[in-house]
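Two complexes come next, and they have one chain in common, subunit A, joined by subunit B in the first and subunit C in the second.
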Partner chain A sequence: MFTDDPAALADDDSFLEQGIIDSTGIMEVIFFLEEEFGIRVDDDELIPENLDSVNRIARFVQRKRVAA
Partner chain B sequence: MQALGAGKVFGLLLPERDSSPESLERGRALVDYLGIDHDVQDIAPTLAALGCYRWRDDAIRSVFPHYDETWRSKIAIAGGDKGRFNHFRLVVEDPQGRVAEQRLGLQPYLQIVAATNYKQRIRKTIEYFHADRLNYAVVGTPNRLEYDQGFFVKNGDGSADVKPIAHLYKTQVYALGRHLGLPSSICQAVPTTDTYSLPQGQDEFYFALPYQQMDLALWAYNHHLTAAELAETLDISVEQAQWVFDDIEAKRRATSYLHQKAVLLSSVSEV
Partner chain C sequence: MCGIAGIFSFTGGKPAQPWELRAMASMVRHRGPDSIGFYRNRRVGLAHARLSIIDPTGGQQPLHSPDRGLSLICNGEIFNYRELRRDLLAWGYDFQTESDSEVILALYRRYGLDFVHRLNGQFALALWDVREERLVLARDRVGILPLFYSRQGERLLFGSEVKALLPLFDRTPRLNPVALDQLMTFWAPLAPETMFEGVHSLLPGHMLIVTRDETRLRAYWDWHFPDQGDWRGQSEAHLAEELREWLSDAVRLRLRADVSIGTYLSGGLDSSALTALAAAQSDDRLNSFSIGFGEGSGYDETPYQSMLAESLGTLHHTVVCQPTDIVSRFPEAIWHTEAPVLRTAPVPMCHLSARVRGTGCKAVLTGEGADEVLGGYDLFKEMKIRRFWARQRHSVWRPLLLRRLYPYLNLNGQRAPAYLEQFFGMGLARADSPLFSHLPRWITTARCKLFFSESLQAELTGGDALGGLQASLPQDWERWHSFNQAQYLEAKTLLSGYLLSAQGDRMLMANAVEGRFPFLDHRLIDFAAGVSPHLKMKVLNEKYLLKRAVADLVPADICRRPKQPYRAPDGPAFFAGDEADYVRELLSEETLQRYGYFDARRVMHLLSKARQGRAIGAKDNMALVGILSTQLWHCLFIENFQQRFSGAGHDSRNHLDTGETDVDNRKDQTAYSGELLVHRRSGGLGG
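Then we have the complex of A and B:
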């Protein structure tokens, strides 16, 4: 996103519907999450319910860290 | 070729280390059938000199440390046809035929794709050399599925002066081939990427479904049919049909930049 305005992306906005993330973009997100939070994202977790908004990612990472 | 005459068409057969021998055979069958002048150039030494294979193999070894040039490999897409995010898997086969696969992380994925894209870009460089030498135009042959879904390498096979079949669904391209009486080995060929050393169908690498079904799905999506109507035609669930529609739209979004010209900071309206 070519903006510094945090309001341009609401925490519940879908990355897919906003056209922000493609298949390479999702690989970047996974790479970041695994490096930053020390979690391992499994294949069957690569679903929009886990990764398709800021809030969904936050909840997903929280669940993974609790489970670890 | 019929429009221009055989004397004004030049064919290029450009195999490399990982090309299937059948591709060269079909290429020879076509130029023989058309009766056009052509050249065969093995681009493997050029690719090796550029480091194409080395960069690719280094990336593969970061995932499978025992991999060497006696192994075979390919990349497969997964997820989009199951309602997940598309992601890529690396598949390797050792000389004993043992197959292993793993989801690719960001860096090895980018490096493998970047390295293999050398193949399409070197071919295009050679095509433009001959076009310049002969004062010809370069013909590109994406079909509608490939063109719409961005299944090409920017400045590689995606580059051409004329793309005469970009509006035709793949099914129509095969029908046109039969109508023109092309050799049966061509009319019956299964679409492959012919870029990786392991056999790899286009549907495995990129599309959610085999091309016959993918053609119908794209046609249905373009003509605003519902997922339920596609599901009935393809004998798949409505949920699966919706995933295919979603995947078509996701690939359009992801690859739209491949069709775009370079971004300028200020317009140059004179040209």
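Then we have the complex of A and C:
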């Protein structure tokens, strides 16, 4: 996500396992999602199922926007 | 570098007298011990105390144009003078010296008031234009060098330090309550305010144009950021490379001198990078200088400094500063800062510059500005987390990120994080405030004002410091990214008001050492302003792009090491063991009441806490140091005004009235003398 090489990350790769994002980096991700998609992420939504890959994030954001 | 001073006489104003110029110059002689020069006519008088760095033999000031239509005194350096000179020679200007300052005269001839845009440097100058009967005062873009002015009757007095103006005051000045209010909020008065009522600090990036009928302030530069999202589009690798080039060139220009140059080595990233770049470009072995506080002090960085010096191959000097040194040197530091301080951190810097001077170095490269320009401060991280938290104020998880910061605080148990959360939670509901980033710091600092006396509070009804700052923000502020907004606030308050002043220029020039600040090269500032905030601080990794840019120069340990704030022993140092006479006298109930700034009863309460050796927090510390230094300031500049300033230089009334210019190489005694300090009630000095 923060590399010059866009091919370095596949859509299903785990950010945590790849060492791309740590728990602090999640802040940056949520910050971006909230800003870009106008959603609010609650504490109980901070789970890997929602946020730990590009595809998971995409699905999560979609669900949130439908619910909103 | 140097000290400058002068007088402009408006219509009806008395022309500058030789003894007046001499009295003014003698007050800033510590800035320029090598020689003194004067120029005067019926409209203007200029005085220059010189520290010779470039063209030591020919660069005597005031400088004049060949036709003598222009005269100049300049404190500072024009780093790109060789390039400018080449162009101006081709244009046909007839240079009289090899001095870097002379390009200013030529540029002014060619471009008028726009001369200033061409300068890459640090300067405070006064230029007299005979034909236009116009005096131009100008100060560098970010405020590295100081320049003060005050209208006294039909004359305008100006000088590098306020003390240069004071000998010509008709009456004892008063403390400016607005400045003290600002100082007890932002750590420094904000230009144009100074601690002295009626004395103004020329705003950085501005010039003051003075004619016989009016004075006009003109802005020529300010910190500026692109609209949010409008960042430089190049790749990270490209930007890192470009940053390296700017920095390297900024260092190259700042190594220009006819004297030996050293570097300040703090043990952190910025000074390491500078030292490495300087070492690579120097023929001789570089001298590096560090402050140590002794093991176990909690502030000491000596092991890192030594490791760095060794790996960079410098000839390293360390000054060890003990708490007792802080106490004994504090009054002299306040004589130089001309303003109270909330931390003692400037004092060791004075210690350090004395050491530099002792080795024969006249100038040092130093890392100030890197944190502002490239995003190094913890405050920027705090802001990010607080903004994140403010969106979900009831989140339990979000504030936990704050624990990621401040690993050096040695947090024990559960209370500390709770405190941090409380501290940083301040102003959370004001996420839309333009000052959001700085609210916790400024609200906390402003608690010092609880010690203000009733009479001082009564003088402060005209609005508060935060409101004043908010009203001064630039027009396109709203369109900037919050990170850039925080950078701007930092640059306009702490950097120019305190770090470059009380902790910078004043402590350097106390010992006639010139500081040079490569990170504040305006080309580097302009480049960095366009870099995305996400590259300045990647997630919570500060100065990310800089780290990438200098990775090959600096040991990896230094790059990885969390940033350490520079701190010195504070409040408790004054109360450990036997209290110094001046501390006891100035903090006595009687003196507090007589000076009238603080509520003596409250101060007594704070003092008893400190005297019992009870742990005092950051807030009490700031209050203690702030109150003591305000009392010192009053004692030095107000209570002893008559003895120190009134009539200074009168003994030389008959000297130097033979012509319109003169040079004087006599050595003056320093204007500061410690023994005047301790106030003796029986002596009846004040009242």
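The rule is simple: the second predicted complex is superposed on the first by the 65 of 68 C-alpha atoms of A that agree within 3 Å, B and C clash if a C-alpha of one lies under 4 Å from a C-alpha of the other, contacts with A are read in each partner's own complex, and residues count from 1 in each chain.
The rule we apply is simple: a residue touches a chain if its C-beta (ideal position, glycine included) is under 8 Å from a C-beta of that chain, and two chains touch if they have at least 3 such contacts.
For clarity, every value in this text was computed on a predicted model and none was experimentally measured.
Overlaying the two complexes via subunit A brings subunit B and subunit C into a clash. With both structures placed on the common chain, the touch criterion links A:40 to subunit C but leaves subunit B unconnected.
Touch criterion met: A:31 reaches subunit B and subunit C at once. Once the two complexes are overlaid on the shared chain, A:9 sits clear of subunit B and of subunit C alike.
Within the superposed three-chain model, A:61 lies out of touch with both subunit B and subunit C [touch as defined at top].
In the superposition on chain A, contact is made by A:48 with subunit B only, not with subunit C. Using the contact criterion defined above for the overlaid structures, shared-chain residue A:19 touches subunit B, although it does not reach subunit C.
Clashing C-alpha atoms between subunit B and subunit C turn up only in stretch 187-195, chosen from 25-33, 169-177, 187-195 or 223-231, once the structures are aligned on chain A.
Subunit A residues in contact with subunit B (one complex) as well as with subunit C (other complex) are 24, 27-28, 30-31, 43, 46. In the complex of the two chains, the subunit A residues touching subunit C come out as 2, 4, 24-25, 27-28, 30-31, 34, 40-43, 46. Only residues 16, 19, 22-24, 26-28, 30-31, 43-44, 46-48, 51 of subunit A touch subunit B when the two sit together in their complex. Those residues of subunit B that touch subunit A in the complex are listed here as 77-80, 83-88, 103-107, 109-110, 250, 253-254.
Interface residues of subunit C facing subunit A in the complex, by the touch rule stated above, are 235-237, 384-385, 387-388, 391-392, 395-398, 401, 404, 538-540.
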